[in-house]
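Read through the structure below, which is laid out as structure tokens, and then see the notes.
By written order: A, B, C, D, E, F, G and H. Residues from 1 in each chain.
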Amino acid sequence: MRKVLMGNHALSYGAMLSRVQVVAAYPITPQTQVVELLSEMCAEKILDAQFIKVESEHSAMAACLGASLAGARTFTATSAQGLALMHELLHWASGGRLPVVLGNINRAMAPGWSIWTDQNDSLSQRDTGWMQFYCGSNQEVLDSVIQAFKVAEKLHIPAMIILDAFSLSHTYEIVDVPDQEKVDKFLPPFQPKFRLTPDEPHAFGGLTSPEHYFELRYKLQKDMEKAPALIEETGQEFEELFGRKLGLVDPYKCDDAEIILVTSGTTGYTARVAVDHFREKGLKVGNLRIRVLRPFPFEKVQSILSHAKKVAVIDRNISYGHHGIFYQEVKSALYGNSSVPVFGYITGLGGRDITLNTFQKIIEETQRNETPPERISWIGVKK
Amino acid sequence: MVEIRFHGRGGQGTVVASKILADAINKEGKFVQAYPEFGVERRGAPVYAFIRIDETPIFDKSRIYSPDHIVVLDPTLIEAIDVTEGLKEKGWIIVNTDKKPEELAFPTKYRVATIDATHIALKHQLGTRATPIVNTAIVGAVVKVLDLARLESVIQAVKEGVPLKPEENAAAAKEAYESVVFHS
Amino acid sequence: MKKQQPTKKIIFHSEKEMPLAPYSLGSMLHNRTGAWRNIRPEINLENCIQCGICWKFCPDVAIYIENEYPVVDYTYCKGCGLCAEECPVKCITMVEEEK
Amino acid sequence: MNHPQKKKQNKMRLTLPLEEYMHSGHLACQGCGATLAMRYVLKALGQRTALCIPACCWSVIDGPFPYSSLDVPIFHCAFETAAISAAGLKAGLEMVGDHETQVVAWAGDGGTFDIGIQALSGVAERNDDIIYVCYDNEAYMNTGIQRSSATPFGAWTTTTPVKHYKNRPKKDIDAILAAHRIPYVATANISYPEDLYRKVLKAKNIKGTRFIHIYAPCPSGWKTRPEDTIKLGKLAVQTCIFPLFEVEEGSTWKINIKPREKKPVEEYLMRQGRFRHLTAEAIALIQEEVDRRWARLLKYEETSPL
Amino acid sequence: MRKVLMGNHALSYGAMLSRVQVVAAYPITPQTQVVELLSEMCAEKILDAQFIKVESEHSAMAACLGASLAGARTFTATSAQGLALMHELLHWASGGRLPVVLGNINRAMAPGWSIWTDQNDSLSQRDTGWMQFYCGSNQEVLDSVIQAFKVAEKLHIPAMIILDAFSLSHTYEIVDVPDQEKVDKFLPPFQPKFRLTPDEPHAFGGLTSPEHYFELRYKLQKDMEKAPALIEETGQEFEELFGRKLGLVDPYKCDDAEIILVTSGTTGYTARVAVDHFREKGLKVGNLRIRVLRPFPFEKVQSILSHAKKVAVIDRNISYGHHGIFYQEVKSALYGNSSVPVFGYITGLGGRDITLNTFQKIIEETQRNETPPERISWIGVKK
Amino acid sequence: MNHPQKKKQNKMRLTLPLEEYMHSGHLACQGCGATLAMRYVLKALGQRTALCIPACCWSVIDGPFPYSSLDVPIFHCAFETAAISAAGLKAGLEMVGDHETQVVAWAGDGGTFDIGIQALSGVAERNDDIIYVCYDNEAYMNTGIQRSSATPFGAWTTTTPVKHYKNRPKKDIDAILAAHRIPYVATANISYPEDLYRKVLKAKNIKGTRFIHIYAPCPSGWKTRPEDTIKLGKLAVQTCIFPLFEVEEGSTWKINIKPREKKPVEEYLMRQGRFRHLTAEAIALIQEEVDRRWARLLKYEETSPL
Amino acid sequence: MKKQQPTKKIIFHSEKEMPLAPYSLGSMLHNRTGAWRNIRPEINLENCIQCGICWKFCPDVAIYIENEYPVVDYTYCKGCGLCAEECPVKCITMVEEEK
Amino acid sequence: MVEIRFHGRGGQGTVVASKILADAINKEGKFVQAYPEFGVERRGAPVYAFIRIDETPIFDKSRIYSPDHIVVLDPTLIEAIDVTEGLKEKGWIIVNTDKKPEELAFPTKYRVATIDATHIALKHQLGTRATPIVNTAIVGAVVKVLDLARLESVIQAVKEGVPLKPEENAAAAKEAYESVVFHS
């Protein structure tokens, strides 16, 4: 059914349709509507789940881990400070191989307090062993939750669904809400490969000496390496049932593009407008929206970008003391595979808007230079 | 693509108005995107909402700076802030007021429509004199002036979109649809 | 307390003008919250018994004292109505703002 | 201004000092109780005060960068850290030679009862030298009215919809802090500013961890009329829903106001949108719990020092 | 004075000699000796500091922030889970521009519980805006603390001193403990550019709208970019006084090297033994130990590595779903500057020992292949 | 083995069930009290039990991967999360159809009084259906004897050197939990296994949050002789340093053992290396505090229900 | 309770033999903690009154019951001395281990 | 480079022994590195400590697998574990025992020295019969057998390195230094 939904409600619908069994969450702007709608769904008995209204995000994630270990399908949502407060537990989820799904609304990190979007919160978690799905529309948010559960549970690896504060979380868009029946067909109940039960008493997560730790972590990475193919496959299966496709990346007019923009989140959609705009002007621009950052889609990124004459990576984030994180990731992936000049742009931190004009500057600068004139090019800073 | 900006005050349901309008547009099979101002809302303080409407899917996720039209839910805002900021030439200014369009002193490059939404709201028992709930009436007027959707879609969207008094709200929207004053 | 004077907004034209960290450089007095008001308190000083209750309970510090009598500062008064409600002699009336 | 120069020039009878350390222009809603709490507390503490404010309505009320509504310095700290940020700040000030500044953690109920309780408990255990003020509006208001453990039984919030209204009593934070045996615990109420003022002054002259719990109505979150804020505060005391008392060293309990006749809780509840769904049975339950708590408090006082 | 000190005590001495004024810390293996010695130093009045014995690492960092904002020199130490629990507050320190110095003992992240070394804990904090100094010896630990305070306070950016669990933390080495007088000369009292005081009442860290946030974060990065030169300069100044030099990187026989190993932490010292070993066999091997990861020493890494025929990056860490983190960082830095084949090796996770034999395998594999045969080469996993 | 087949074959007189759910080979120090606590609790709860164990000695005692000393499943959880991990686990088990398993958070004093108190307070407020057991060895032992807020006044630890011995009293966790008005709070002691066993059984049959606080001597951390473990436990009760009592619904207090004659605390203290530095004055202070606490407890009992 | 049987250590030759996550696969009975012992308890059953106290207080579950009498399991007994200390009739003696 | 492994039991001060030895070496102006086993120590359970000694700075931070010599603080360990694991040929095995070297059944590729450290410790009132504190005596013996440092350095290191009874410990070290039985 075509509904007008805010991104936060798309998350809640995704969780509901996935028949999550345990939800534990804590409110934070701009995530609150996710929790509020889920509370209501539980009160209205549309959703048969235990909702633990915890006293912090830290406890939210801890509760999810316990529930997931029991074999229940588990969901939470948060943003920025809340995600950061979960940090230790994020490692716990991946190391413990617990396929929790978490919705994160991208919001800039304090201080100063910000409630506006940028990606530093979720990107600061790139090394925690979670899959990360960056969404560009509310439809994608809903669809991603359902697909993420499928992938996460198969691999026993947790997954994060990420959406921009306000530009998705609070923005109403038309979303096709699929039928429960069809979703059930796509996503059967969680069948964990191990679970905590007195019937088969294991101690989970005990002291692991240098004799064993390495191999267990090797297994985690090896399973992560299975994810790219599985995500693509799952996306195809989803397409067959629902007619919508989601893959690791979302290339737009890249085939013949001379300049390819690399984008993520909603920026990746506005970029399409820019691409069309510049194409009209006769410039062969394309856009590669990276949907999945973890596992990193090496093959896709390499094969698509190496055709370009220039690549411009747009980061709504920064690793202080280094540069934009997508920029770093893309360069690292291309190293040894391609020698296309890769330009790095940082823009939109703390919710500064990214508009057609932003892209205009980026494309012009990329056109103007043979190679990046600076390590970081800042777009939109009042200097 | 049509882009509209709503001006209201915290507590007046400005965002709900844009959401109901979006619902109505959706019912027409068109594409739509609506969003509130990204900030802290306080009762009484000026607030904004935005809507984009198109025949094809909308990819632009940036904010609206040069709306095609604006809607003003509270006429006192006209004094308090510059409601026409960025408004495109020939754009409609749809104002909740008991005045006629020509009584309002907007530059002539804009087109003006007026609707006494407060009166309509009170008539349908929506809110109190101090805080009438005018948002559904406003939606009716906007749809009519900008010819965005059929009245049935609006009425259905209103009924589904309000927390209380669906019939009264629908009636208010209908009345506004029918009584908005404008010369196109 | 005297009447407060509205200040100017602080505008930075470049990052160089900004402090190292986000710390405050001025008051909020530029923010004329009187614009939020729907209804306005009007004090009938004739009946006022100078008890100071309206002054004491104003959450917006929008009543100041002049010549030993309370005065509403409409630049900031948000029109909550507390002063009128709490005035023991009911000499404050809330009046609708003109639209 | 029609200033009655004619009337004889009595002095205004003010029960609180004239000095203001909080100024107009702030971003609180109309009729906000939390704002009054700050105004009164600062009147008592004066300018040589430093605040640690975690995420809460007050982090908005004060105003955005580069502004502030207060005349005292503020450390806007992480949500869960009010108490310890204050203790750290105090230690730092001491080490740079400032032994005078009174450091205050200023947090909402969520930041105190829930996410901040650990840091608070730690500070209390060490008896770190700070004043901790919790202004209690009984929910997470800054994020749009979600339940906290200070939300009273029966209340609607966006995470306790009327069909699933809050079904646990309000956490007894005062008893919990008293059990930490800190030098001073007090409840206060914006409708009793003189009592509040006195308590803050008293706290100011004690060393160690002092906890002041201030009842602060929130028209936006409680669905009450802004002009009812003071009335509600008085009703909270008159119904014994939020009694005013002090506890010294966790052992000496003193009730400050004992209503001659306890008003029925219904009078309090029915003025508030958040309670409007309550049935007579639910209200009776609430009355019972209030009576029980009041009786307990009386007993504590009677058997003091405990 | 030449003393036999464990790495943890070297940290404590570093802090003491820096005349830290506020310490707030929480015990965790393998960091406990740091706190214990500092407790004792306070009890014995060798150190005039307030030691807040907090109830969690979260509070430890929060207390440090408060103290630092007051203008006091502030220190803490932790490891793994403790560092992770500080995560939100780490962002706070950098965004708030509070130059706290933190000692982190590198320990593998749970679950399963591990107390043994790997770098995933500190590297998971690479995006939090802290400077990161990876130490190779106890001498370096002590010296780094003192130098870090100097750099951190100048730039108002916090710094992390990082040492391997057990191989440094619990290993006794000979350390020259400098005279207090000389240290005082090198490191004058903290003169903050801003501080919290009622004398000049500012509100720190208030809500920062999209209008301002971007510029403030731009300033942070710009100051970070000043750090590399400042670190080198500070190292020189230190050398003049104490005769020991520390820079951004520590190259060993790189000048004529055909294969350069890129290492960090204690691995970077064992690597020297390997270099000597292979040099004896006639193979031109060199070792580039990266001492400072944040800010990333782009110039140094580029100029040193681009001379090599092959580069082998050794990671005692992994970003799951990607590859080794130093590998990623190095490739990203070299992209567009060099086309030397860069090999990525992961080894030693969870405390598995890194020995001459490890390097033997790495060097042999690097020799054997023209370009990296796989995205990650795992050394020492029982496959 | 010189088995006296000759003697007449009386039955062993066992006061606890024979069944063991904890087995030999575990990694506790000689004479470890925490180990006994586990042994007794599992005897009472049986095999359909699941434990959440945060970082603490028990995360080592149980044995490293891939081993465990217990016959019940364990979730080794993050240090600060014992209570909520258990609540999450319980919710998950319920949702997968297991309504029977008793979920137990099993934490040390540090994991309870300090870093875990927030999660515990949250669970208690929601009255989540778990048993929380705190085995109290009065310091962070697993990391090598650092002070916790359970460390008693006067004690040496590595972070409270004898010149700066712990100068704050032990946090009164039982009063804090009682103030949360959970259905059941009890103290217990490994030297009184039958009482402990009874309390755990009682807790097992209550729904909601139940808190059991077990005194568990630690020879390594207290610098006591391993063979003194049981003796110390008895002295702790006989001196009223660690009284045995139960609190129901936060209001009904019952003391289980009232020593006919309170032994002087010195008898208890002087057996322990951690107190050896104490002067007579310090000991007198401790005696005073113990007397005060005991009097308070008697008063609570007397005035029950509070 | 019967005497416990020591088990074998679990050895993984490759990651493939290991479980997905670090969870236990066996008991600690391979760990013969008797080797930690400095002094050993010896029970003089002649005087034993079968009270079960030694059994009850053994932190190492190293006393089992056979034919209604306590028996020390030296495979695991760590020699803490608690049983000897608590035996009401003092029929357990701690004896030094031979070196 | 000389690499030595110490075997002891938790609570015997095995690590302290290695630390004191390192201090003594330092006093000689040589380079040294000492570290304990990286794990959980329990009273009575077997524990290890390691030391590397060299004339030049030591860069190798890996663990020691093939020590040149081993030191056994508690003779019962010889039964419990394989103390000679990885020991190089001709390596010294220095054992605390009242036996003579030839009474111990070690393979002949090793050299054996014995010292009755328990006896010495008790004589100097270090510890009790059940738990004698033998570590300082052991250090004395080790230094002598391996010729690592001068007696003065050892004595000084012992005095500075023990928490209690510096004189007694120093005397024990000295006595052991002088009475260790070995044939090199």
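Everything that follows uses one rule, which is that contacts are C-beta pairs under 8 Å (C-beta built on N, C-alpha and C of every residue); 3 or more make two chains touch, one makes a residue touch a chain.
Given the structure is predicted, the values throughout are model-derived calculations rather than measurements.
The fewest steps needed to get from chain D to chain G, moving only between touching chains, is 2.
Under the touch definition stated at the top, chain B and chain E share these contacting partners: A, C, D.
Chain centres computed from CA atoms place H at the largest separation from chain B. Chain A and chain B have Cα centroids lying 34 Å from one another. Chain D and chain H have Cα centroids separated by 64 Å. Put simply, the C-alpha centre of chain C and that of chain D have 23 angstrom between them.
With centres taken as mean Cα positions, chain F sits 57 Å from chain C.
Residue positions of chain C touching 2 or more other chains: 12, 14-15, 18-19, 21-25, 33, 36, 78-79.
In chain F, the positions touching at least two other chains are 27-28, 30, 59-60, 62-63, 65-68, 74, 76, 78, 80, 113-115, 117-118, 121-122, 125-126, 149. In chain B, the positions touching at least two other chains are 38-40, 42-44.
Every residue of chain F that touches chain G in the complex is listed here, in rising order: 1-5, 7, 9-16, 18-20, 22-28, 30-33, 35-36, 39, 62-63, 65-69, 74, 193, 219, 225-231.
Chain H meets chain E in the complex at residues 18-19, 22-23, 26, 31-36, 38-39, 58-63, 65.
Put simply, chain A touches chain F in their complex at residues 21-22, 24, 49-50, 52-56, 58-59, 62-72, 74, 88-89, 92, 195-198, 200-209, 212. Interface residues of chain G facing chain A in the complex, by the touch rule stated above, are 12, 14-15, 18-25. Residues 55, 59, 65, 76, 78-80, 113-115, 117, 140, 142-144, 146-147, 149, 158-161, 163-164 of chain F are the ones touching chain E in the complex.
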